[in-house]
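Two complexes come next, and they have one chain in common, chain A, joined by chain B in the first and chain C in the second.
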Partner chain A sequence: MRSSNTMNFLMGIYILVFFTYLFGPLIIMSFTAFNSAEFPAITPWECFSFRWFNEGKIAYDGQHLAGLFTDWRLHDGLISSLIIGAGVVCLSVPIGMAAAIVLTQVKSQLRDIYYSISIMPVLFPGVIIGISTVVLWDRIAGLGGGGFISDVGRNGIFLTILAQTCFISTYCFLIFVARLQRFDQTQEEAALDLGATQTQVFFKILIPYLAPAIASAAVIAFLASFENYNTTVFSILSDQTLTTVIASKVRLGISPALSALALTIIALTVIAAVTYEVLRRRQERKYIESQEEFVKEKAASSRVNKEYKARLKIPKGIVALILLVIIGSYVATQVVKNDLYGNSCIEAADIIKKSKFLDQLQTLESNQLSDEDLQGGSLGGNQDYGDIFGDPTLFQDFGGFD
Partner chain B sequence: MKSLFFTQPFFQKNGKSVALFFLVAIVFWFIFLVIIPQLYMLDLSFRANIPPLERGGPKDFYTLEHYRHFVFGSKTSADAYNFVDLGVFGRTIIVSIFVTIANLAFCYPIAFYIAKIATPSTARLLIVSLIIPFWINELLRSFALRILFANEGVINNVLTGIGILDQGILFITYDVGLYTGLIYAYILLMMFPLYNAIESLDVNQIEAAKDLGSSTFRTHWRVVIPHAKPGIVSGCTMVFMLTVGALATPVVLSSPNTLWFPQLIYQWFNLNDNWSRGSAYSIILLIVSVVFVLTMMRIFKVRIGEIIR
Partner chain C sequence: MSAGVELKDVSVTFGSFFAAKNVNVKIEGGEFFSFLGPSGCGKTTLLRAISGFQDPSEGQVLIDNKDMLGIGPNKRPTSLIFQNLALFPLMTVAENIAFSLEVRGVSKPERMKRAGELLELIALEGQGDKKVHQLSGGQKQRVAIARALAVEPKVLLLDEPLSALDLKLRQRMRTELREIQKRVNITFIYITHDQGEALTMSDRIAVMNEGELEQIGQCDDVYNNPLTPFVATFVGENNPLFGKIKDLSGDEAKIETSDGVFISSIDKSTNLNVGDEAISFVRPESLFMVKDGNDYKNKLSVKIENIEFEGNVKNFYASLYSGSKIKFSVANAIDTSEIEASSQIELCFDTSKSIILPKGALATE
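The block that comes next holds the complex of A and B.
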């Protein structure tokens, strides 16, 4: 099967290329966060530095490039993003749940139409949802005069919550629909037979069954709200969220502080993903172990009841972690030793850049005229012209402008 | 209403308070958040652009002016058609189609590999690593590409540093960055429908095709692709819709002298303060999206429920 081998080889290369395409830009961006240069770049590499995470830089030309933790606009944006995310979760999870439960009760002839309306918002381009919300609420605010309604209708955070709820409810709806498809209706019937009211059935049977879906819908809703730009940029009006701040920063000129922000988000994501994966594997392993225990207990014969030797198992993760720490500390010591990190390095780099200006300044200064030249000499000096303004007779005959 | 819409009497089935909550939630969503705003925007797109104070006055009449402007341009211009806006519109649609096709071509081998060839643990690792980049904000992902493609960016610096190029290539100016970014932005939305569709295919069918002497290409064409059709349609629809309506990626990556259609809407809306015209252009974008979905459903004979899961 040589052809299959070459196929596998090509496939491997393709997968490598594909994942390079996915991760390469992110990895390079992560590195640029540690370069002290003002422009996010790998080359030319100035110094290894954490300044874009902290204070940023006050450049020698007086321009201030804020770092991640000193940028108040990012902070304000983050806060309003969190508020909006919470609001969207509070609205869209109940809406999605209600719509999904009602879907199971709608007559089959109407189900397609109902379903189509429910998923329509996902098919609308995000900009359209933002615009339509804004124009409607601007009108409502206009009709409301100067009172409470007009304040609410022109509040960017409120409008953004509404606009995002419009399509994020659909995400929640789909999650709940998927969970409800596996719901066992007989549970409800059993509860009713035992004398529960309909409301009790809802709170004691349905809600506990839907709890995992509620959790995942809340997470998805929050994340979708948090990273939305297309809708938010219209509906936020004069306020700012994290995404609109990022967008305006990118448009004004890119700074490594954004790389630092992205790296922070990447790190959080990777930690979350790894934790999730580890927890899942542990759960799986526990399940398998319990199964084995069960088999061992049930099997009287020693044929199944194999002996389990106690082995010293070192998880791969820990090995990788130790290796990472060793390599990391080695690289760190090398960097510090060679003066590639810290203020001294940044100052040195600045001095190099300044020296270019200093050179030019020095050439300018070296062109200065001596006193002799001013007194006369090769350039004629300034004495030939005398003190014309000290001469009272000069403008004697001047009649003025007629 | 009880027997008209529902299989069982609605208020009896759910209990009064819960039923009320359901009704309020659904009506609020459908009517207030989905239908009324769209209808009002449609209405606004047919109105003259006037300041709020003149609403209801003599200048507040219905007009096709904004749609006319989209096709024929302003009344003072010499051109027969509005080449600028129509050009932006056409380019957006054509590029979106190519982006969709490119996404499908890139994703299909990977989706097939994960679904059918890889071992379960490898498959899970690959899926997790596929998801990770997409937790990151679209703007920041585009920003990462911007760092690569900028005129003084990583690629140009490396290429000139090695000596392959004398001068950097203007990736951003020629929109190479934009196209790469658009393909990058929504690749996951192609991957997962495809993966789900291929995953449900019985491996025995592929092996049967092989045993009967079918070539690899033919097996894919006649067995795998027909089975994965709903996934392909779903992925293509989602990617196309999102690409046509993309704003974040073009904001970061498009060259200063070209526009993406949603950017045009943004300009009319926020910079030129002409909400009516912005609404009209939005309606045009909406019509394109709806027509595309309907066409896909008609051509490939899938239901809307199969497109979005």
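The block that comes next holds the complex of A and C.
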């Protein structure tokens, strides 16, 4: 008894730690999206604001920080990502399906070899797939002279679709293989025997059977394409996708607009997952109901009638929703009461920051150091490197920026 | 609208393995014909050769006197009911039944009308909108039959369709199948390893072993006059008495075994000479007990080992003097209460109720 209590306790701690590890960063980041400060942070908390979802901000030092809604580079990247995702789905799903169907037809030892070759692209580093695609198409574009081929061969979106399809079609392949393993091949034979042509067997028997796999393969393919970076960064050439835009932004310094973007993506994902789950459960319930009806019918015919009691179920979703609304409205009233929201708050914060900034500028100006100080002063600083640009051999081997 | 099926010297090989070997049989139009044999003897292979899923390595398949070489399963006038039924789980019952019409481009109202008729034939009126998983085992069985009949095939092929059902249902379905066959009046080719099924439904049966046909004939003929030791022991039960031919005269022969000399009937076509090794077969129900066996030509003294009550009959398992085992059955109506385990009794059988065959492989079950 005691040992099982200890076990439960440890288990609880483990779960807590695990979920903190998993969701902690996401939650913190989500909060930073609502802080009006220029840098994603929870403390110091300036003001509650939606600006990072909207217009962004012109900072006290004059720098323009774009919000999610006004950042055209993000929008262009998003559009490219969506186009590429759609292209990858259109290519990967049929390729993966065809490869999986071929696998069911190969019966000999060739099967293992074929399988290994088919899954090889997921084992290659994505970088290599990206680079090799560019190299190949650069040659092809070179052959094509100045026409259509050369345009296409140097089109980043086209190349990225091809490069991503290389390995994403393998994910699709694996999904289809799993589903086809449970396919009863006598169904095809039955359809043939009833007079169907091979084409009819494909469209009336195989495709309906594979429909759930087609759906999940399409979703997986799209998500894999959407979040891909290491292949895309090479194959995209002069274009940009969402991931490459974000990566280049991070290089310049992160802004809360990225938190806003992340939160939006998380919210969309959660909504999609919940919708899927609800639909799935509804379908399951329908199936169970039809089975129960069948059992009831049988029971009635054999006069072993049983009462089917409808159980009272507490809808958990509604309880959770009510809790959320209560907590949310409490937080909102606190925010309004303490004047942590709105322009007045932001302006007040900006004034403080601007004066601090000006102070710092002044300090810097008043701290003008003499050459003497720089050469040998206690500050250290430039002294050791003072001569570095004086050395004529330094850039001898440097080819220059090109 | 029925068609005959003829197999001419059909062999099917997988590598060097003969799944069917030199099969020759002529099945008449409108016949209920069964292939009977143990599991793995090549029955399904033969059926697949008829339906077009398996090309014979040698020989010809003729349906309605036409060679079927190069004609695919979807172009043959046959319909196959699979061992596992292979109903389409994503379609309703009516869609399943009308599938063959759908792929032929028949319009939907017409399809549904025909499905309705067939549902009536199989006593499932009004259940066309159900999904397959909502049906019981016997109902699925009937849907598979209706689906196969919807094409109006000239030959219906059935691959052990009843093997998944429980005993009661199986017995009812036997009668039902036979009735359906009479009603639609087409050729049924039925495959089974269950001799009870084959004997009750069929006009004729072919007994198969290791890819070869051992005997073709009417049910009672195969049962009463088996041509090989395999058929004698596979179709119904039989007690073998091993020995040597001592004397031959017309359609009777004397066989000497370690348990005595017996006179049994022998077929003229059996090429046995005096001195050859042979087996005399006696069925459990042909052995009877006597107080004093002196009046009988064939008698055996046995020691009862085990008694089994089966309902309509009582089975006795006994050992002979030589140590070999023998089984005999007595109708339950006859009082056998004084026979107990380890009692010593005398059994007799008539010459006409036993048959001598050359030595050969027995069915092992």
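One rule holds in what follows: the second predicted complex is superposed on the first by the 313 of 402 C-alpha atoms of A that agree within 3 Å, B and C clash if a C-alpha of one lies under 4 Å from a C-alpha of the other, contacts with A are read in each partner's own complex, and residues count from 1 in each chain.
The working rule: contacts are C-beta pairs under 8 Å (C-beta built on N, C-alpha and C of every residue); 3 or more make two chains touch, one makes a residue touch a chain.
None of these values were measured; they are calculated from a predicted model.
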Open item on the list: Tell me which partner touches more residues of chain A in the superposed arrangement, chain B or chain C.
Closed with: B
TODO: Examine A:95 and indicate which partner it touches, taking first as chain B and second as chain C; both and neither are also allowed.
DONE: first
Open item on the list: If we overlay the two complexes on their shared chain A, which of chain B and chain C does A:197 touch? Say first, second, both or neither.
Closed with: both
TODO: Based on the superposed arrangement, let me know which partner A:162 touches: chain B (first), chain C (second), both, or neither?
DONE: first
- [ ] Determine, under the contact definition given at the top, whether A:330 touches first (chain B), second (chain C), both, or neither.
- [x] neither
TODO: Return first, second, both or neither, reflecting whether A:123 touches chain B, chain C, both chains, or no partner chain.
DONE: first
- [ ] Could you tell me if A:9 is touching chain B, chain C, both of them or neither one (first, second, both, neither)?
- [x] neither
Open item on the list: Let me check the overlay on chain A: which residues of chain A are in contact with chain B and also with chain C?
Closed with: 197
Task: Touch list for chain A against partner chain C, complex - done: 184, 186-187, 189-197, 200, 204-205, 208-209, 290-291, 293-294, 298
TODO: Would you tell me which residues of chain A are touching chain B in their complex?
DONE: 7, 11, 14-15, 18-19, 21-26, 28-29, 32, 39-44, 94-95, 98-99, 101-102, 105-108, 110, 112, 115-117, 119-129, 131-133, 135-136, 138-139, 142, 162-163, 165-166, 169, 174, 178, 197-199, 201-202, 223, 227, 229-230, 233-234, 243, 246-247, 250-251, 254, 258-259, 261-262, 265-266, 269-270, 272-273, 277
- [ ] Please name which positions on chain C make contact with chain A in the complex.
- [x] 51-53, 72-75, 78-80, 82, 84, 86-88, 90, 99-100, 102-104, 131, 133-134, 136, 147-148, 150-151
- [ ] In the complex, go through chain B and note every residue touching chain A.
- [x] 5-8, 10, 12-18, 21-22, 25-26, 28-30, 33-34, 36-38, 40-41, 44, 52, 55, 106, 109-110, 113, 117, 124, 126, 128-133, 135-148, 150, 152-154, 157-158, 161, 184, 187, 216, 241-242, 244-248, 251-252, 262, 265-266, 269-270, 275, 278-279, 282, 285-286, 289-290, 293, 303-305, 308-309
